[in-house]
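Take a look at the structures below.
What follows is subunit A paired twice: with subunit B in the first complex and subunit C in the second.
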Partner chain A sequence: MWVWFSKLGSPKWFYELSGKWLPWLIAAMVIFMTIGLVWGLVFLPPDYQQGFTSRILIVHVAVAGTSLAFFPLMLVAGIITLVWRMKLADMVAKHAAILGAWFSFITLATGSLWGSVMWGTWWEWTDSRLVSMLFQLFLLLGVISLRSALEDSETAAKACALLSIVGCINVVIIKYSVEWWNTLHQVASPVSLDPSSPNGPQFWIATLIMIVAVYLFLSVSLILSTRNEILERERRSQWVQDLVLKN
Partner chain B sequence: MKPHRRKKLGIILFIAAGLSVAVGFTAFALKQNINMFYTPTQVAEGEVGAGQHFRIGGMVKTGTVLGATDSLKVKFVTTDFVSDVPIQYEGILPDLFREGQGIVAEGEMDAAGVFQASRVLAKHDENFMSPEVKAALDAAGASTDNYMPGGAN
Partner chain C sequence: MLDAIQFSTWAEFIDMGGYGFNVWSVYALFAILVAVNLIIPWRKKQKIVRQLKRRMALDAEIYSEDSSNSD
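== the complex of A and B ==
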């Protein structure tokens, strides 16, 4: 296991392996994304109160749920960087922050759209779910700017790992905010297997497909940007120059 | 694992534990401030000071909505099934506002014990239903209005 683990840290090995995975991941992503979006945005039944506005939530729920994965991912990557000095983990953490900020932004934007129609307001400063999500966006922007401000990669990795701990605590707060406190935001919908009861499969299967699609999108984007980073950081090494000559 | 690595991992875990405890205590201390609204029961129990500007959250009690015909004034009663608070509001209500729906209103209590709202927001619950399912449930006499705003607390 340790051999495999240290092998994974080698940028060259990761570059070759991810090159083999990528076509499959992209194909799966396209399939899930197409089914999820077409089903969710064209065929999903309307809600009896919200009408077709509920279709926004297909995107919102999938992106919001996935956006909670970034800080835990960055914390694990940060610990691996600091404890085992694995450069690859640092590259993953760097690009996860950028992607995570986009995910958080899309969550807030789609949520605002829905809220402006349903709640009668697009933003409420007193709602802990909304504010903790905004806090996550700011934390991620903080991580991104910290990394670009600190030239020493060791210091940057330490500072970002520290912010990732704060981010992970905030993820727990985002998740449970609607249960711990009174909020305008509703609690998570319980799924039901019975199509004739509320939250039946006709609603959540499309959401589930979108969640898988968004996770695949996250993996593909992260792998692609990490590969770019590898080529840039290792551009003077022999294997990268061989690769360039070969193509 | 080598000693220096174990030491580093220890430091990270220590910081994580410390921060979690700090955030936990802060959140606990601010519990009431983080809540978006008071429930009618909390208002009835006098948790809100006189003349205080606050938000109240509850259900619109069925059969209590009275709209003026010549203005945007509306009166209704909000309830958490334990206590009721009458609300008066003038303005445009959100589309989702209706009897049996959760709402959050912002304003003050007047001397007569009526909540004078300056804003009314609709709260949507976690249940999604197609019109067919709703119609079938209503026909079967099952209550779909079992929603309590705030949930926990």
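== the complex of A and C ==
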């Protein structure tokens, strides 16, 4: 286990292993994306109350749910960086913040596009879910600017780990906000296997496929960015030079 | 399976039961999210490899000049 763990921290080992996984991850991503999008746009029946705006929700729920994974990921990466001095974890945390900000922004934008027709408003400052998600976006932008402002990578890693703790608390608030404060945003719909129910299998299976597709996309994007970072940081090493010559 | 298609004309498909603007905007935003975050790292890798190649070629040139001068 420990040998495996310290190997995983080696950028060269990660680069080679992720190179083997990438084609499979990309293939799986393309398949799930295609199924999810075609199902969502062509086959998904209109909701009995929302009409075709339910098609917005399968994308919104998948992106929003996944956006909650970034701060826990960054906290774990931060701890690994600080405790075991693993540079690789720090690289992952750096790119997770950028991707997380994208996810949070798209969550807010798609939610607004749904709310503008179904709630009759684009934004509501008194809703806890909306405001806590906006707070997550600002926290992530804070982490990104902190990292670019701090030259010393150890100080940056410490500051980002600290902000990740705040971010994780906020993730819990986002998750349970709809139950703790009953304002505008509705609670999650119960999952039902009954085809005649309003949230029948056709909706949640489509959502599930989108969630898998979004997680695959997140992994591919994060691996690609981390590999670039490895190439830049290790550019003087022999294995990177050999690799470039082979390309 | 074709029975399950919810539209019979292209106009209906674009209109999305009156919610066309909102539905298509959401899918467009999602497409931007995915495309941008795959294309940026992919292009960056090509740039890094190109720069490394140039640097290595330059290093090799300097090295060969050094060795020819020392003769």
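Definition applied: the second predicted complex is superposed on the first by the 247 of 247 C-alpha atoms of A that agree within 3 Å, B and C clash if a C-alpha of one lies under 4 Å from a C-alpha of the other, contacts with A are read in each partner's own complex, and residues count from 1 in each chain.
Here is the rule we go by: contacts are C-beta pairs under 8 Å (C-beta built on N, C-alpha and C of every residue); 3 or more make two chains touch, one makes a residue touch a chain.
This structure is a prediction, so every number in the text was calculated from the model and none was measured.
In the superposed pair of complexes, A:Ala156 makes contact with neither subunit B nor subunit C. When the two complexes are overlaid on their common chain A, residue A:Ala188 makes contact with subunit B while staying clear of subunit C. Using the contact criterion defined above for the overlaid structures, shared-chain residue A:Pro45 touches subunit B and also reaches subunit C. With both structures placed on the common chain, the touch criterion links A:Ile174 to neither subunit B nor subunit C.
Of the two partner chains placed by the overlay, only subunit C lies in contact with A:Leu113; subunit B stays clear of it. Applying the stated contact rule after C-alpha superposition, one finds that A:Val143 touches neither subunit B nor subunit C. In the superposition on chain A, A:Thr126 makes contact with subunit B only, while subunit C stays out of contact range. In the superposition on chain A, subunit A positions 45-46, 117 are in contact with subunit B in one complex as well as with subunit C in the other.
On the subunit C side of its complex with subunit A, the touching residues are 4-7, 13, 16-19, 22-23, 25-27, 29-30, 33-34, 36-38, 41-42, 44-45, 48-49, 52-53, 55-56. Residues 33, 37, 40-46, 51-53, 55-56, 59-60, 63, 99, 102-103, 106, 109-110, 113-114, 116-117, 217, 220-221, 224-225, 227-228, 231-232, 235, 240-241, 244-245, 247 of subunit A touch subunit C in their complex. Those residues of subunit B that touch subunit A in the shared complex are 5, 8-9, 12, 15-16, 19-20, 23, 27, 31, 34-39, 55, 57, 93-97, 104, 119-134, 136-137, 144, 149-153. If you check the complex, the residues on subunit A that touch subunit B are 45-50, 54, 79, 82-84, 117-121, 124, 126-128, 161-162, 165-166, 168-169, 173, 178-184, 186-190, 195-200, 202-203.
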